[in-house]
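Each of the next two complexes has chain A plus one other chain: chain B in the first, chain C in the second.
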Partner chain A sequence: MLFAIYSIIKPIAGTLILVFMYYLAVDVGGEVGIERLAYMFVGSAFYMFVFQAFFGLFEVIQGDREWFQTIRYIYISPISYYAYVAGRGTTQMGTAAFGVTIVLLFGKFLLNLPISLSLGLLPFFLAILLLGAFCTVVIGIALAGVTFLTARHGGGMSEGVTGIFYVFSGVIFPLSVLPQWGQILGRYIPLTYWFEGLRRAMLPGFVGDSFLLSISNSLLLVILAGATVLFFLVSVGVFRYTEYLARKKGKIDMTTAY
Partner chain B sequence: MRVNLLLNLRALVGRAYPRIIGAQREPSWIFFETLLPLLTIAAYVYIYEYLGVPQFVGFVVLGGTMVAFWMNILWSMAAQFYWEKQIGNLQLYMMAPMSRMALLGGMAVGGAVMTSTRAVATLVLGVLIFRITLVVLDPLLLLAIFLTTLAALYGLGMIFASVYLLYGREAWHASNLLQEPVFLVSGFYFPLKTFVTRLGAGGLWVAAGASIIPMTLGLDAMRQLLFPELLAYGLLRPDIELLILLILAPVFIYLARISLAYLERLGKEQGRLTLRHQ
Partner chain C sequence: MEAAIATRNLTRVFGGKRRRLQRKREPSEKRVVALDSVNLEIPHGELFGLLGPNGAGKTTLIKILATLLLPTSGEAYVAGYDVAKDPFPIRKRINMVTGGETSGYGLLTTRENVWMFSQFYGMPSRQVKKVIDLLAEEFDLQERMDAKVRTLSTGERQKMNMIRGFVTDPEIIFLDEPTLGLDVTAARSIRGFIKKWIQEQKGRTVLLTTHDMMEADELCDRIAIIDRGRILACDSPEGLKRLIKKDVTLKIETDRLKDTSVFRSIPGVRNFAVSENPKGRSMTTTFILEDDAPIADIMSEVLRQGSRVHSLKKTEPTLEEVFISLVGRGLD
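This part shows the complex of A and B:
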């Protein structure tokens, strides 16, 4: 049942909203080549990784601390708590992978979208997928770290960052649709390069933003790898600092029932 | 009888109080409940821009604003008894001499008022930022539809709350399940009529089925009254939609009463009423 909810029903319903918006545009004669639907569809499908990682990781500390009150026992066990949270994040990515696959198959075979993956681009696809997934998890862990210090309803923070990335990373529309300041912001979000790479791999003949067009596949990988290393270091730093503050302020096992 | 009425009214006000007054004391709501929904709205606004049909941006702003009410139903009405059970309040409610319906009524009234303040803030910001023109031709009908939609919606929320009385962690998943699928079938981000034009008779059945969720018809009617230039995208006439909502509201509240009494009894018999961490 849980598998059906999170891997089939929710993701497909979410992407069908985009499909019906596209159909509406077709009906009233908008600028609506099928490549625009494919652009939105692929971005929306892969965004499930981000959504699942951010919300799942937010729930790790809040859930262990507030709902099940098991954080003390996990915390005193002889493992790195960062590694434990990273492990939970990896599980979230695995769950999301089912949903992403199902949605992509739905788009390919039921909506006849031009989604494909050639053998030649497979190494690039795998490299960009893994790098982006790793980057997403480490950003998620940094956000999870902040929840050491927040009350049980601190989920809005994950929601906020997820929303910002959704709008400003070229997930469902090119950056060029955004106002100038939004385009500049988008260039500094690593996920922008992740989604660009995923589309290049999965949508043959894909033409993205003029800014991203000038970046080769290998440079895209280098940018994403650099951003991933940077965010990994930031993530470790934020997590350790918030963990220290939580212990110092006595918040590590607090329950906030209000 | 008079004592019971007063007692229940006091219970209703008492339960509504923390939602209306208490919630205002946490200023973070301005960010989390006003600005965050704007991000989602912005995403869908830019999609219509990308698709070259900016005339539907107003539909998104209104739909995105009304999402706040549906989320309030799911997480602050339906799942509320789950939270109360987790923190040990539920048994206190059960021991108190008031009607459970007064409790649910207080949650509903408080939730509706609190969410309205957030929704109005989101709507105003959305209208200003995305330069939407709202034309209110019939303010009384609009107000009647809005209030009846809320009454029916919170009646449905009261039914959910009673069902969730028995749930443990499943409440969380059930509420999650009722997000995107409902956003889709209720046409939060596109006119409901798209189902009919695209899917024909099947689409009509989808729209009819979705009409059991009061937001579906309420939103469709409000869009027709606020965007008269897009009247052709309405499913039914607003007055007919109001009539259906007027039927749904008391039916849902009555069903909530029956459901609450039955599930409370079942919970007591099965020993699940105050079972935590299940």
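This part shows the complex of A and C:
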């Protein structure tokens, strides 16, 4: 029952909020193309990966430290703690995949949205999906490292960061809607390219931002791959540094009951 | 051959620094010296005890040796590797069990919890399942191995943690007050296992912290008495007792005394510790005396304070008396 609520009802309900907002906009402002709804719907569905991964990653350290009190035994084991956290993040992505699939099927068959995936675009879709998923996990790990040094606030940090990505990486509206500085910020967030690629693969005839329009599918993959490598290196560096500080300050296994 | 564990002037200080954004008027965090120039050398195959009261520095020392915490200064080596510079080879060789905590994933069963931790050490799954069954039998926990961890009692959880710690067959294991908060039977079962394990697994090393004198006396090859971060003495239990062999140990039970500090001024009193007797108005004072001479002065002082003497006993030195002699107070 809990699984059904969490993995099916919650994501569908979350996406339906956008659908109703769309119909409200149609009601108030007149005709708005269904492709706008499809844009929001697909972005919102795949955004679940980001939310779920970040939420899970931010809770790994604090959950193991404060609630389960297992962190000291995991930390002193021979496994790399970075690899352990990455594994937990990947598991979160796997859980989210179920919800994303359900929501996309809901959109295609119940809302009749033009969602489809041609065989020709399947390799591109898989490549962009996996690269983006990996990129999401490594960005999440870099930020989760900060929770080594905090007593709580993991949930708040995760909501804050995912909120920034929600607004500035073209999840529910194109970057062109944003002010100039917001568009520039969006161009530096790798997830912008991820959502663009996913829409290109799943929404035939999709036309995105003029800025992104000039980027071919292969260049999109190259940009995302480069950003992923860069963020991987950054995440290893940040994670190691925060881990070192926590070990120095005695915070690895602190329990604060805060 | 290098020692299993070695420390050189190992020091750990907590607090005392002003944070960058802290206002000048605010007092800086209190500076606590948890370990003060600790020098230890524990050879392979030894069951070494650290005996000290709460806050003595026992857990801090174990955390540094287990690579959870960095020292402020000095050096510490485990299996020949520097804990600060080279933690990864150490982690392959160690494990740790801490008492008085409720660690574990409540949604998993006891068996799943132990198995999961064994996988962090890269142990073959089939082999590990056999070892888990053997250890479950040792700790009489077979019937609870498939129960969810959240349903285990405190004693059962601690037994699960012991299985988790020993399932990887570590070269060196850190046991931080493993019997803390357990009933007599569970504590005895854990003590029995530790004793048996060190006898059967030749060359394995145990570092045990405790504030239970009997536990330390019963289990340990050598004991270091630690207080306020300093090692006050380090020897075998018999060697420690010999430190005060010539001294006289006097236990005197009286009505509650108004002022015990006056005993310090009596010539020949090396040290003493007071413990309040539960549910009563009486108290027991344990004295370490140079000889019999101060007994008369002590009795006079007790009577002067209008207190009655319930009993008076001269005893053979125990670890508790050694501790009182060195630290100046009991462990209670």
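Just so it is clear, the second predicted complex is superposed on the first by the 253 of 258 C-alpha atoms of A that agree within 3 Å, B and C clash if a C-alpha of one lies under 4 Å from a C-alpha of the other, contacts with A are read in each partner's own complex, and residues count from 1 in each chain.
Here is the rule we go by: contacts are C-beta pairs under 8 Å (C-beta built on N, C-alpha and C of every residue); 3 or more make two chains touch, one makes a residue touch a chain.
These figures come from a predicted structure and were not determined experimentally.
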Note to self: After the overlay on chain A, what do you see for chain B versus chain C, clash or fit?
What the structure shows: fit
Check: Once the shared chain is lined up, is A:T101 touching chain B (first), chain C (second), both, or neither of them?
Finding: neither
Margin query: In the overlaid three-chain picture, which partner chain does A:F68 touch, first (chain B) or second (chain C), both, or neither?
Written below: both
Check: Which partner reaches more residues of chain A, chain B or chain C?
Finding: B
Next item on the list: Figure out whether A:I79 sits in contact with chain B (first) or chain C (second), or with both, or with neither.
Entry: second
Next item on the list: Return first, second, both or neither, reflecting whether A:Y166 touches chain B, chain C, both chains, or no partner chain.
Entry: first
Next item on the list: Mind computing the angle chain B to chain A to chain C from the CA centres, in steps of 10 degrees?
Entry: 80
Check: Touching A:G250 in the superposition: chain B (first), chain C (second), both, neither?
Finding: second
Note to self: Nearest approach of chain B to chain C by C-alpha atoms in the superposition, in Å, rounded to an integer.
What the structure shows: 5
Check: Can you list the residues of chain A that meet both chain B and chain C?
Finding: 68
Next item on the list: Mind listing the chain C positions that touch chain A in their complex?
Entry: 14, 63, 66-70, 88, 91-92, 94-96, 98, 101-106, 117, 120-122, 164
Margin query: Please output the residues of chain A touching chain C within their complex, sorted ascending.
Written below: 68-70, 72-79, 84, 247-248, 250, 252-253
Check: Which chain A residues qualify as touching chain B in the complex?
Finding: 1-2, 5-6, 9-11, 13-14, 16-18, 20-25, 27-28, 30-32, 36, 40, 67-68, 156, 159-160, 163-164, 166-167, 171-174, 177-178, 257
Item checked: Residue ranges of chain B touching chain A (in the complex, touch as defined) -> 28, 31-33, 35-36, 39-40, 42-44, 46-53, 55-56, 86-87, 173, 176-177, 179-181, 183-184, 188-191, 194-195, 197-198, 277
